[in-house]
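Below is the structure I would like to discuss, written out as structure tokens.
By written order: A, B, C, D, E and F. Residues from 1 in each chain.
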Amino acid sequence: MKELINEKGLRIDGRKVDELRPLRIEVGVLKNADGSSYIEMGKNKIVVAVYGPKEVHPKHQALPDRSILRCRYHMAPFSVDVRKPPQPSRREIEISKVIREALEPALILEEYPRTAIDVYLEVLQADGGSRCAGITASAVALADAGISMRDMVAACAAGKVSGQVVLDLNDVEDKEGEADMPLAIMPNLNQVTLLQLDGKLTSEEFERAFEMAVKACRVIYEAQRKALIDKYFGKAEVGEE
Amino acid sequence: MKELINEKGLRIDGRKVDELRPLRIEVGVLKNADGSSYIEMGKNKIVVAVYGPKEVHPKHQALPDRSILRCRYHMAPFSVDVRKPPQPSRREIEISKVIREALEPALILEEYPRTAIDVYLEVLQADGGSRCAGITASAVALADAGISMRDMVAACAAGKVSGQVVLDLNDVEDKEGEADMPLAIMPNLNQVTLLQLDGKLTSEEFERAFEMAVKACRVIYEAQRKALIDKYFGKAEVGEE
Amino acid sequence: MKELINEKGLRIDGRKVDELRPLRIEVGVLKNADGSSYIEMGKNKIVVAVYGPKEVHPKHQALPDRSILRCRYHMAPFSVDVRKPPQPSRREIEISKVIREALEPALILEEYPRTAIDVYLEVLQADGGSRCAGITASAVALADAGISMRDMVAACAAGKVSGQVVLDLNDVEDKEGEADMPLAIMPNLNQVTLLQLDGKLTSEEFERAFEMAVKACRVIYEAQRKALIDKYFGKAEVGEE
Amino acid sequence: MSAVKKSIVVEQLRKTQMIELLSKEKRLDNRGLMDFRPITIETGIIEKANGSARVQVGNTQVIAGVKIELGEPFPDTPDKGLLVVNTEVLPLASAYAEPGPPDEDAIELARVVDRGVRESYMIDLSKLVLIPGRKVCVVFIDVNVLNIDGNLFDASSYATIASIITSKMPKFYVDENGQIRQSEEITPLPINGIPISITMARIGETLIVDPTSEEEAVMDARVTFVVDEDGNLCAGQKGQPGTLSFDQVKLATEIARTKAKEIREIIKKEVMKNAKG
Amino acid sequence: MSAVKKSIVVEQLRKTQMIELLSKEKRLDNRGLMDFRPITIETGIIEKANGSARVQVGNTQVIAGVKIELGEPFPDTPDKGLLVVNTEVLPLASAYAEPGPPDEDAIELARVVDRGVRESYMIDLSKLVLIPGRKVCVVFIDVNVLNIDGNLFDASSYATIASIITSKMPKFYVDENGQIRQSEEITPLPINGIPISITMARIGETLIVDPTSEEEAVMDARVTFVVDEDGNLCAGQKGQPGTLSFDQVKLATEIARTKAKEIREIIKKEVMKNAKG
Amino acid sequence: MSAVKKSIVVEQLRKTQMIELLSKEKRLDNRGLMDFRPITIETGIIEKANGSARVQVGNTQVIAGVKIELGEPFPDTPDKGLLVVNTEVLPLASAYAEPGPPDEDAIELARVVDRGVRESYMIDLSKLVLIPGRKVCVVFIDVNVLNIDGNLFDASSYATIASIITSKMPKFYVDENGQIRQSEEITPLPINGIPISITMARIGETLIVDPTSEEEAVMDARVTFVVDEDGNLCAGQKGQPGTLSFDQVKLATEIARTKAKEIREIIKKEVMKNAKG
């Protein structure tokens, strides 16, 4: 196995074990969508559009007491090393499902009975951790669309690489490392909305990774807030730049 | 061509030309289904579930004067020598159709207007003659579901192997023999509900095969009755064990 | 590149540059269709059926103020040199669309609100210019179905082969020539209803090809009229044979 | 009375009338119970195909085309060419036909036509092998149904056999470098004999041959037998959710054997006529 | 009150009752919160498969079959055999299951079962290579769900591991001409250990193991952990649009580790019993 | 008056107003009839692609990515690389776009973009051959439409050509053993010139360039011409169920030739700007 952490404790992209990749969030990037956002997290580049609340077709799928949330995580053919055919793969279908289940607890869907809310994620470039970056961006796009929310949702993976617990794995670390654990939380309510694990962790490693990811989610949450404030109140006014 | 009948007149599995394979029928093997059955006929292993009569979706497909019967014959990927992809093949679609047409004459569908009755056959292992075993099991499952019936339906193939007319062809005989003729009858009404022929038979051979298959269907019918009686009245009481 | 025009100015099938291939149109060739036609244009052999105006399913697709026109251009598997699988290709889907848009301007769809008109083209043999021959035949079939029309639609391609502008390209000229430009017009209203261009033409060549194709469409229009008159008034009566 | 209920009554009425007529051995189009409608066959109509035929049985119209290409044999039959029969009931063919992938009726049609050709050993597939286990000829037969007026099974089958009989193909051979080449020489497909499909409908207690759409709408059961040149049955298929008595099955096999001879002559004559024309 | 509104009320009522029951550490079927239903396993039931198992967890019933075939490795793992897990929730399995391609629930099920086997390195895929980069064994595992009464994740996982453990395959080798041959010798799959999937449901603030369909209908969240023989977590999946508190996550990992040992013994005993039987 | 009837009236009203405005040579967004909206182009935005470009034409936004892989040539063009253009109108792009396979509009879009690149011989495909008849480069161009505000044809075409112009690929070569290798050296795609697509809408009797969604909603016909560097027309497509008079066709070709020069300069400048930035 390739050595993914050097003698100085630095990772192949120069990060420390508990360091996030560079993060950039923009709000309102698509004119037609009711809400939208763009995220870069390392080389991940994802654009998200939210449409809704809107009428449901066919009507019998509507619920009398709340809105239905639908998510579509999709990778552009050019987003990965080997061209990916445009049809949704099994992996994309599973990720669409867990993203929906990660966002739904934060939304007050009861406010919009008989409607649907569509969240479309397009991964323009994928670099490990695209589902987490996608959840982070989706929560921002939902807020941009004015959907009532109980809390934000922020997501980040932790895992194990070359025997060490590390934060926010990139593509190479995800593929060649020992474990990857994507996590999403509601940062104020302190609830886990997404948790997956691929690979082996001891009990202690799991706890360490979990704590590291929770802490990172809180940092990401601040970036989400800032992006929304920048859009709605202007950068200068809130003086956060 | 391989010799499929030896000098003693015995077939590759030791049977005589007019001998059925070992037959075993169980009733009520699935909890959720309205009726169900399991059959072993040689190495054929098939489970059948019946759901219905039930509402039809979409509604415009319902018939005002009777129930619609729907059948799905499906082979598990591991049921045959070379793994079969799970999507229905053209062969499975044709067999689903002829099974439906073999069962329908026995059902009093007029008793259940505006409903549907679904018969699902899952072939866990196929060994020649799976459509006949499937029909036999389906008729039992329909009875178990309490659907009104004019008669039972019992099915068995006859055919030609190494120049001789034989009963109930197994996998090898089906593939390497000269002809296979699946037959289903209503044993009390003396009506043919399924008849197919693959391969060459002279006029005399056809008649001989037909008679042999009809006779076998009557034996199978007794096994169907016994399985139902065993379930509904207990084994001891009817003293047929 | 193969020389496609010889020193006498004749093309590989012996035609002059501005000469149409032999054309034959029959009306009413299918009993069940509301209107039908058969065309041979060179080795193109196409049969067209029109069904409608008829009810629309599902109903919500119907328009309150006019009929919807639907077209399906489809090639038989044996219609081309290498067998074509029966599923519609992207090419067939595009051609179906441009054929529909080429026919629609000629139809008085407002006369048939809440209905649909289906035009089915089956290419039995393709030989270059099949979309033009298909449009020509479809217009005749629509007239045969009694659909109200503003004008006929006649179609023919022009293009460039071995440096010269030529009319009505055959298969080889289409594939090995420099440009192909299918054109459809309404001959009395002098309006273009289909125009496509594949390949390079200078400004002058484009005008020359356009004029050549328009002129040919007028000839084809006469053949369309004759075919309809022959059917509805008999050959002898109009004395056009 | 609702429209649907009325149509059920109308249908039953029509069936009663048809049964009465049949009991007098008459049919709506004045045919006898054992009469086919006129059969016309044109062959060689698709120059780009190896073989082709348009068949009309009354108003039922189908076109079959044969394309012969090179391919790999199945692992379990390395010494046999391949036969692939596909049928498309085109949306042109009736107001009820829809575009889309073949439904169960079209799949059954294709498989019964295929069975007739395959089980009668009409084409000698063992002569279509170039390199055993690696390269064989694939005979694609595509049947397009253009107009439906009943008895698609027989019409499709006749179009298929007429297009096979009249197929021509280049002679393929393997050169000294193991490459497949095709010679200038044109050869027919290796044919063993002509299987004839005869389809019968049971309406009430009467069997008739070559049912029209109108007759199929009220039939109780359908049964097809394919008969080879020696009078052997080589394929069979009962269809529709009705039954046949044991005697009716026997009768159907006898009718099939009798009519097959007659139809085989008609088809041979029609194909021959084309060859000359 | 409309039918739909009523059913929402009924559902909430049922949930309230269940939460009350759970608060007394009771369940509808009288199990304790940490009790599994009876698990029965039959192996070797499909003679044509390399391995097979029927597993029942209460009324949930699944069958898994292993087929081992030859294929090409992925370009980026030339020195590893392939593992393909597919699950089909058959229409037999409940009144709500529909025929058709796997929906997102069935796909999630297949991928979580796959992850448990793959990430625990249960099968030593490096021992399934015949010619690196060119020929490897492909282990297909197909899981058919026959009857649904909750906890498909664990039942499917147990059927999968039982069919893997009991699989038998011919020994393949490469002969002097580079051709793949199979010897008479029969060998098991190379196994590293048995990963055990433990699925829990959160209903109200209570975690329970092995939920039934009735419990799943009212659960807030579902969480699955797969534990290997050394007590490592090797796969995990939270499901359903509910949440887990940080403490509940920790608790769930502890429950998983404890129950996994117990279930591993049950499975070993069941598989062994079959081997003797 | 029903909602539907009303909306037809509204639509006609809007069209009447638009025609009146156009008769004064004005447009809703104050552009002249022959003016494009601002065009911005960013290239090199997807590091994992060989080439990429995000193009905005007003509020219409598309991204194109080029991936170059190895593949087999078509049998009838053994000495040419392959070009595959695919467009996806993503559900992000408008409230009316649906997920699913490309519909006829998206297929037409892809085919017209493809035709412009292919028929202008923009990429010299003959230079993408490694082993004639066996191994060639396949140039995949995927166009993702992110936001729709009219004129997808031109926006998609500009994104395609910008991503082609800026593509970089490793140099492939065949080593002494006949294996394909790639050198460290990076090379651009072999480019012959830049074809420019100009799309016009006819509304009433007026032709305009670069229509917005609002203008497309009322247009009678659409026509696109692609013009190469020498002023040749190299692809054309009339769309929509309206017509063009003979004079309008001629006028459209003239407009296309004039505007193509102007747009080509804008695109070159934008691409250059990126190269420096």
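One rule holds for everything that comes next: a contact is a pair of C-beta atoms (placed from the backbone, for glycine too) under 8 Å apart; a residue touches a chain by one contact, two chains touch by 3 or more.
In this text the structure is predicted, and so the values were computed from the model without any measurement.
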| Counting one step for each move to a touching chain, how far apart are chain C and chain E? | 3
| Smallest number of contact steps required from chain B to reach chain F | 3
| query | Of the pairs C-F, C-D or B-E, which one shares over half of its contact pairs with A-E? | reply | C-F
| remark: Note, CA centroid farthest from chain D's centroid sits on chain A
| field | Distance-maximising chain from chain E - centres being C-alpha averages | value | C
| query | What whole-number Å value describes the gap between the mean CA coordinates of chain A and chain F? | reply | 32
| message | As a quick test, compute the distance in whole Å between the mean CA positions of chain A and chain C. | response | 52
| query | So what shape is it, when you link every pair of chains that touch: line, ring, star, complete or other? | reply | ring
| field | Ring topology as an ordered chain list, initiated at chain A and continued via chain E | value | A, E, B, D, C, F
| query | Any idea which chain E residues touch chain A in the complex? | reply | 2, 4-5, 8, 104-105, 107-108, 110-111, 115, 119-120, 223, 225, 228, 231-246, 248-250, 253, 257
| remark: Listed in rising order, the residues of chain B that touch chain E in the complex are 30-33, 36, 43, 45, 47-49, 51, 54, 72, 74, 76-83, 86-87, 118, 120, 122, 124-126
| request: Note which residues of chain F are touching chain A in the complex, please. | output: 45-49, 52, 59, 61, 63, 65-67, 69, 86, 88, 90-95, 99, 101, 140, 142, 144, 146-149
| said: Using the touch definition from the top, list the residues of chain C that touch chain F in their complex. | reply: 64-65, 69, 90-91, 93-94, 96-98, 100-101, 104-105, 179, 181, 186, 189-203, 206-207, 210, 214
